[in-house]
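Letters A, B, C, D and E mark the chains as written, and numbering starts fresh at 1 in each.
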Amino acid sequence: MEYELGFALRNAWLILAIPFLSFLLVGLLVRPLSEKAAGIIATLAVFASAAFAYAMAAEFLTLGAATGWKTFVPWSFEWLRFQERMAVHIGVLVDPISILLLVVVTTVSSLVHLYSLGYMHGEAGFGRYFTFLNLFTFSMLGLVTAPNLLQMFVCWELVGASSFCLIGFYFDRPSAVAASKKAFIVTRFADLGFLLGILILGYFGYQVAGEVGGTRQAFDFLFLTDPVVMGKLNAIGAGILGIPVLTLALCLVYMGGAGKSAMFPLHVWLPDAMEGPTPVSALIHAATMVVAGVYLVARLFPLFATSGDALLVVGYIGAFTALFAAVIACTQDDIKRVLAYSTLSQLGYMMFALGVASVEHPLGYTASMFHLFTHAFFKALLFLGAGSVIHAVHSNEIWRMGGLRRKMPVTHLTFAIATLAIAGIWPFAGFFSKDEVLAAALGSGHYGIFGIGLLVAGITAFYMSRIYFAAFWGGARTEGASHAHESPVIMLIPLVVLAVLSVVAGFFPIGEFVRFGAGHGAPHGINPAIAAAGTFAGVLGIGLAWAIYGSGGTARAEALARAFGGAYTVVRRKFYVDELYLFVTHKIIVRFVAAPIAWFDRAIVDGGVNLSAKGGRLFGFALGSLQTGQVQAYGSWFAGGAVLLVLVLWGLQ
Amino acid sequence: MLMLPELIVVVTAFALLVVDLLVSERRKPILPMIALAGIAAALVAAWMLPQSGQLLGGRFAVDSVSRWFRIIFLIAGGLTIAVSADSLNGRGAFRPAALSSRAEFCLILLFNLAGMLFLAGARDLVTLYVSLELATIPLFLLAAWRRDVESSEAGLKYVILGALGSAFLLYGLGVLYGLTGEMRLEAMSGALRAGPAFWLGVGMVVAGVGFKLTLVPFHLWAADVYQGAPTQVTAYLSVASKGAGLALLFHVLYRILAPLAPHWDGVIAVLAALTMTVGNFAAIVQKNIKRLMAFSAISQAGYLLLGFLGHDGAPGRGVAAMLFYLLVYVVTNLAAFAVIIWYSGETGREKIEDYRGLSKTHPLMALAMMVALFGLAGIPPLAGFVGKFFLFSVASKAGLHWLVGLAAINSTVSLYYYLGIVRRMYIEPAGAEDRAVRVSPMLATVLAITTLASVILGVVPVFFETISFQTADWLKGTLW
Amino acid sequence: MGLLSWLILLPFLTALAIVFTPGTRKSLIKWIALAGTGTHLLLTAFTTWRYWTLAAPDMAEMRTARVMKLYLVERLPWFDSLGIQYFLGIDGISMAMVILTSIIIFTGVLASWKVEERAKEFFALLLLLVTGVFGVFLSFDLFLFLMFYEVAVLPMYLLIGVWGTGPKEYSAMKLTLMLLLGSALLIVGFLGLYSVSGLQTFDLTRLAEVSFPAGFQKWAFPAIFIGFGVLGALYPFHTWSPDGHASAPTAVSMLHAGVLMKLGGYGALRVAVYLLPEGAKDWGLFFMALTTINILYGAFGAITQKDLKYFTAYSSVSHCGFVLFGVAALNLMGMKGAVLQMFSHGVMTGLFFALIGMVYGRTHTRMIPEMGGLGKVMPWLAVCFYVGGLASLGLPGLSGFVAESHVFLGGFFGNPWGSMVAMRTLTVVATLSVVVTAVYVLRGLGRVFMGPVTDPHFHELKDATLTERISTGVLVATLAAVGLMPWLLIDLIEASIMPIVNRLHS
Amino acid sequence: MNGQAASTVFFYVFAAVSVALAVATVISRRILRAAVALMGVLATSAAFYVMLDAEFLAGVQILVYVGGIVILLVYAVMLTRSSELIEDRPSGRRRGAALAVSTLFFVAAAGAFVASRFETLRPGALTVSGTTEIGRRLLDQGSTGYVLPFELISLLLLSVLIGGVVIARTNPDKGEDAK
Amino acid sequence: MIEQLATMAPGPLHWLVLTALLFAIGTYGILTRRNAVGVLMAVELALNSGALNFVVFNRYVAPAGVDGQIMSIFVIAVAAAEVVVGMAIFVVLFRHRQTVDVTRMNRIRD
């Protein structure tokens, strides 16, 4: 490498090593000795990672400003060698988006760790919790910095597993167990697509690498996004069903991303995942892991852009999910579920932002990353705030809260900031990123998507204000709510920090370095028309919510629900998607596939074995029936056999 | 000198008669020991004598194959006397299983043994026929020796079917004589030409041999006779008599029919396939252990037959494998029979289920039995595996892969019923009435020797190598 | 007496020592067994080091080799007239398998610490069985191979029959007979190799120099492959496996599923594909299809099982399918994946059966619906179970992923001798198992360990004892070590697989 | 010429008688009658031997077979019981099977003989009388002698005698025949 | 007439057909007689035809020797031995069963 690297970039392996070693240390050595120490050490380690990530970011920004925004791998080693040109190098890939994600992940993670020290205080399995959190942080960092598809997949699975462990943290609660299983299996199903995509890309990448020559590895992003390679991959032509191979592969890869980012119809696991402890929801199911799908698409964006069609799929599914989830969010009563659907909706935003981007109109790419960046902060904040509330009220139900405004001032304030941020009100972070997303959609000529985006912005403002009003305004509706009090300081610090970030993050000039294509990065700035439309939608939503829920009573809401009638029920039941899944998995797979196979195995295959044994015995009995004890019968067989032998010999000669 | 082993056996037999008259009743247990000593001496003689040579102008000859047959016969005979000694001396707790008239029993057994020895050395039709009858007719008497209903019924069946078989053999030999005008095997071999009458002769001779060897479909007598005869005799029948049949078949195929060798592979293969399959499948439904061993012995004859395959290239290989397996089979089968003789001699029980819990009451006996049964099934590292493998390799060399497959599958089937016994012994608990019974030193010695041998023969190569080397020597000359 | 002979002899001598120990001194017997297997583990480590120092310089040259290179060779004439030798050697594949076996038997002895009934016979037979297994992995004379092969199979009958549970006699008999029927096919095939080659030798390395006639390969390959496949639980010859495993005592299930079933894949790779490349080319696709059925069938079969052992056994059927699938893919990645999967599945399933034994020893039931919430009562066992489960569903960081990714890539990359579309389709179908495995693993384990404690008696149960912790800990550590540092194994085996691949391409 | 014609006639006559008696032997239900018929068959066989220039053999046949064996058989019949003198008819199935087998045998054998040619392979005639030659050969130890089988047959007869006595004697010890 | 008879003079074929017929009858007897002694008689028939066979061949194929005749002598002796053994066994059996009907000797069977 021709330019000099700073300490942090030269020792980039530390970004992975710190949380990993801490995970091993905490999990194997410290936890059995002291649960409390485990929590503290884990938190410290993540803070150290965060510090290191900032150092890396600083070095990278300096370097990038000087030499241009290069993508490079400062550290790697061969981990898994499938065959020549198919080796997997574990390493750290540095480019603008990985640095961006590094910062986001370490920041949110360290804050959540800190918050958890308070939130999880006194829980059984305190040490276990932090072990898993550390594992998650490690895996997520590995995912973010993956220099090749395989490391991405590896860490992808690992974040899934740690998410599984954390959703099922309260493992004596059947609902938590079910939710963790569901999350794992649904994302696993999606990962099947990812895996197939890897197989296809690997195979053709291997072929192309052979043509190109040299020692390049087929799985490396740097190789796959090389223009020459992309050209060759695009030229392969039709695979099955007339779909070009590249498009097919990318759609499959996107299936993995869609699973992790909970795009429709693979979204079903995310709302249930709220069974986990709330800080987990904040970290994993709002700020970091779920954006992995977006990140994956962004990472492979040059390929998607080359394919084109795959990107359209991404865009439309994203837009649909954004709307779909937003609508559901309006009807949910569980505060975490509302936030979960809101997450879904916002992820849809990020996805369609990517989907509308193209080589000619690359703004969506930047917008998506920008929204990812801001969303991480305010969504984490929302969750942590919700956690604080739940911690105080001991309930998730918004109708069991109310009037918390005074009892929990800090929580209330930060929650309000976050609500405004997500609603897209100036000067909060969400305003800027949402504006850019909408601008990207409009700019690239996807008017339909733009329309949906605008609509969703309004709905978002509505349902967020709805829970905000329901929880914090009006009077306490239950015993728990009336006895609520503010959370301990250790939980409030992260809230405040995140609140600050939610305010300032929008001013961060991400567009300066996160962009696609060399020369024509979209100018970073506010398009007044779009800003006005977005703000209008947001204010409209908030106003509507105020009108219905501002009083803190439920009467108007119920009247409204009655007015919508059947449509309301359908939405409230989440369009019955869960029921459909349940039907398919339990009824069809278990009853019509698994059980028949088990029966077939016992009855037919094993039955066949037993039957042949029985046949052998029958043959034995049949032979025994010759043994009549009649000596002359034996003699007849003898003489007959002898004559037959003679005839056979004679005949055969 | 070449006839020394035979002479020793005959002389021992006569000596028994004399001693029987001279010693008191109390001292008579010495008689089986004398017989045993005689056989041992003959064994030494057979081992020490030159590997080839002839007497009486070529009417009696020894070559390496005959020599090994003689050694195996002597081992079989010796072990039979050894395992019978207790019952002959009336030691068993179960009185009806005892054998009377020990001097006469030993005498007849020794004469019979001498018949087999002569059979191995015979080189003309007359000697062949007479020694074969000497090796057969006394067995009818032995089968009926216990003189109870079952034993005499076994004798009756044996004598009638034996006579039928003998008549067929005789007629066939007559036809072969007619085709050549010669009595000496070598001369016959030179003069034989294939033709309808030739096939008539061969077919009838093979049927006669098949009776002795219990080849399917000439095997039906075996189960009833084995079951009815005194167990000691059953043991002897299953090894020695079968060995004699093999020696006879060897004479017929390699000495008389040698020039026509390429013709017989198919027939031998079919007979072998039938024999092992029928024997094994009939065995799996048996409840009486002697009857089971009868069918097991039938199937073993099928394996032994494989040694006659593979005419082109190296017939000696097959012979070596056959001789080796015969030796292994003799040792292993007698080990199994030693346990059966002991158990039925002490308790009078012969059902397979009577063996339940034997590993608890008599761990070592159960172990010996298990080793023997596994040896018969061909489980490594026991000699049975090695021997069978060599025989299979003969069939494979002959290109009869299907037969190898069938034989190997049959081995597995046989394991089913052998394991049935093992299951009774090891897995099922002993009944309340099952108590420990005596084990005599003689029996223990026999079992120790045979069990050890059935391992050593498989692991230490020198035995097979010697047989193989010597039979290869035999090949280097003519087929003589 | 070379190092390899000692590897085989050591368990045998341990068994002998146990035989001559009075049966009443049960704890002495266990300590002897532990000492023997522990020493064996050390010896294996030493052998690995020796092997590595000898083989490392040759690795580069092996990339193009067509004849396998063996190390630490011991060769003595045995049944010389038939060309049978006492011929031991080791290469990377064998080395990996020996390491696996050594680990499994060591942990198996620890996991059997509670065996009291006829302990002497139990441990003696167990060690005898392992002797056979080591013999198979180290012998390169087909006769010797077969001999050890059957020695490894037969003690199983008594081990299951005497110490087993449930319909043990039936299971033991079925298992023994089916496996030996498989070995009957092997006998046909091996003898065919011997006689058709015309070389008068069973020496695997010399037979590898022969080009067997195509007509012979056409039938000999499936015979040998299926012969090994029976032991490798190839569909539809797998039915001995669920019953056998369910009835067998803990250590026996461990050894059997962990090691013995690997003999199948090992032999299929080493003998069938290596010696009969043309046959492999003809039949590769067929066996890929059959093993695809294996993979999915086992996985689906596992979903509805109620008995933990049946559950694991069906999962084994599925996982062993990967082994043979990889072999049938006939390329470097597939075969490497097969060996890796053998190792991985060996450790994983050993862990499973050990844990099932431990759980059963406490709850006295193996029925999944009767259990629940055990994670609260026995966290150690639960964690180990989950690690095993995650390994079995191919979670990266554990060994299963390394193996399965190889196998999938291998299948997808295919080979020039079959229809690419068919091979890819089969691979895609096989990948479905990734999801199904997740379903059954999580369902099963969730029922047993998660949720509220269903039976008040469970509260009185204790977590793992020290021996159990060591035993399961070693296995879990192995799973993680392979998963995190796959290059350790890959470097070991890759150079030894190249000759097989190169021979296919020559 | 005339002598040969006579011997031809003799052959056919004796052959017919022999076959008829043989059939009588196997189907007569009176066992003594069968014994007599057997004696007749064996006697005609002696005549055949004479026709085949084996006069010594004819003598042996009469002495040993007709004299010894048949008398032994008759004796055995007498030893058993009078009710055994008339035999039950064998079952139809048994007779059918036996008839089929023996007919098949006859057809096969006769067919084989018809299809083959037996020529004189070792022509010539004995210079001494057959009886002398037989005697010499039985005691000859050289390459043409049969002294070994001659000795062996004595062993056979001895063992049969001893064994026969052991088997057939009544109640040698107590309990033996209890069953 | 005499000429005609001369052309029908028995050659080896005639003799062989005769022995085959006798043997077949003997076989039939062995397989059908119910009295054990009767079975033994049939055995004698078969053995006799076997012996006759040898003499026929001796006469026609190898008239220079007496080998066939010697074989026949041994056959006669063997037949005698067989009868003795058979008799002894029948006697014992008769003592147990009061019959020598071979079709009733089927206590031992499957």
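Going forward, a contact is a pair of C-beta atoms (placed from the backbone, for glycine too) under 8 Å apart; a residue touches a chain by one contact, two chains touch by 3 or more.
Since the model is a prediction, treat every value here as computed from it, not as a measurement.
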Practice task
Determine the shortest chain-contact distance, in steps, between chain A and chain E.
Solution key: 1
Problem - Intersection of contact partners for chain C and chain D - result: A, B
Problem - Centre-most chain [mean C-alpha coordinates] - result: C
Practice task
Out of every possible chain pairing, name the one holding the most C-beta contact pairs.
Solution key: D-E
Problem - Inter-chain centre distance, chain D versus chain E - centres from mean C-alpha coordinates, in Å - result: 5
Completion exercise
Separation of the C-alpha centres, chain A versus chain D, in whole Å, is 101
Exercise for the section: Provide the C-alpha centroid distance between chain B and chain C, rounded to the nearest whole angstrom. Expected result: 42
Fill in the blank from the handout: Per the C-alpha centroid definition, the whole-Å distance linking chain B and chain D comes out as 30
Exercise for the section: Give the residues of chain E that touch two or more other chains, as numbers and ranges in rising order. Expected result: 12, 16, 23, 26-27, 30-32, 39-40, 51, 56-57, 60-62, 67, 70, 74, 78, 81, 85, 88-90, 92, 96, 102-103, 105, 107-110
Handout entry: Per-residue multi-chain contacts in chain C, two or more chains
Key = 177
Fill in the blank from the handout: Where chain D touches two or more other chains at once, the residues are 90, 94, 97-98, 101-102, 105, 108-109, 112-113, 118, 120-122, 144, 146, 149, 153, 156, 160, 163-164, 167, 177, 179
Fill in the blank from the handout: Chain-chain contacts, ordered by label, are A-B, A-C, A-D, A-E, B-C, B-D, B-E, D-E
Handout entry: Contacting residues of chain B [partner chain A, same complex]
Key = 156-157, 160-161, 164-165, 168, 194, 196, 199-200, 202-204, 206-207, 210-211, 216-218, 220-221, 223-224, 263, 266-267, 278, 281-286, 413, 416
Handout entry: Residues of chain A that touch chain E when the two form their complex
Key = 624-632, 635-636, 639
Problem - Residues of chain A defined as touching chain C within the complex - result: 78-83, 86, 150, 153-155, 157-158, 161, 168, 171-174, 177, 180-181, 184-185, 188-189, 191-192, 195-196, 199-200, 202-203, 206, 585, 589-590, 593-595, 597-598, 601, 605-606, 608-609, 613
Completion exercise
Counting only contacts in the complex, chain B reaches chain E at residues 125-126, 129-130, 133, 137, 140-141, 144, 147-150, 152-157, 159-160, 162-164, 166-167, 170-171, 174-175, 177-183, 223-224, 227-228, 291
Problem - chain B partner contacts - residues on chain C that touch it in the complex - result: 77-82, 84, 143, 146-148, 150-151, 154, 157-158, 161-162, 168-169, 173, 176-177, 180-181, 183-185, 187-188, 191-192, 194-195, 219, 223
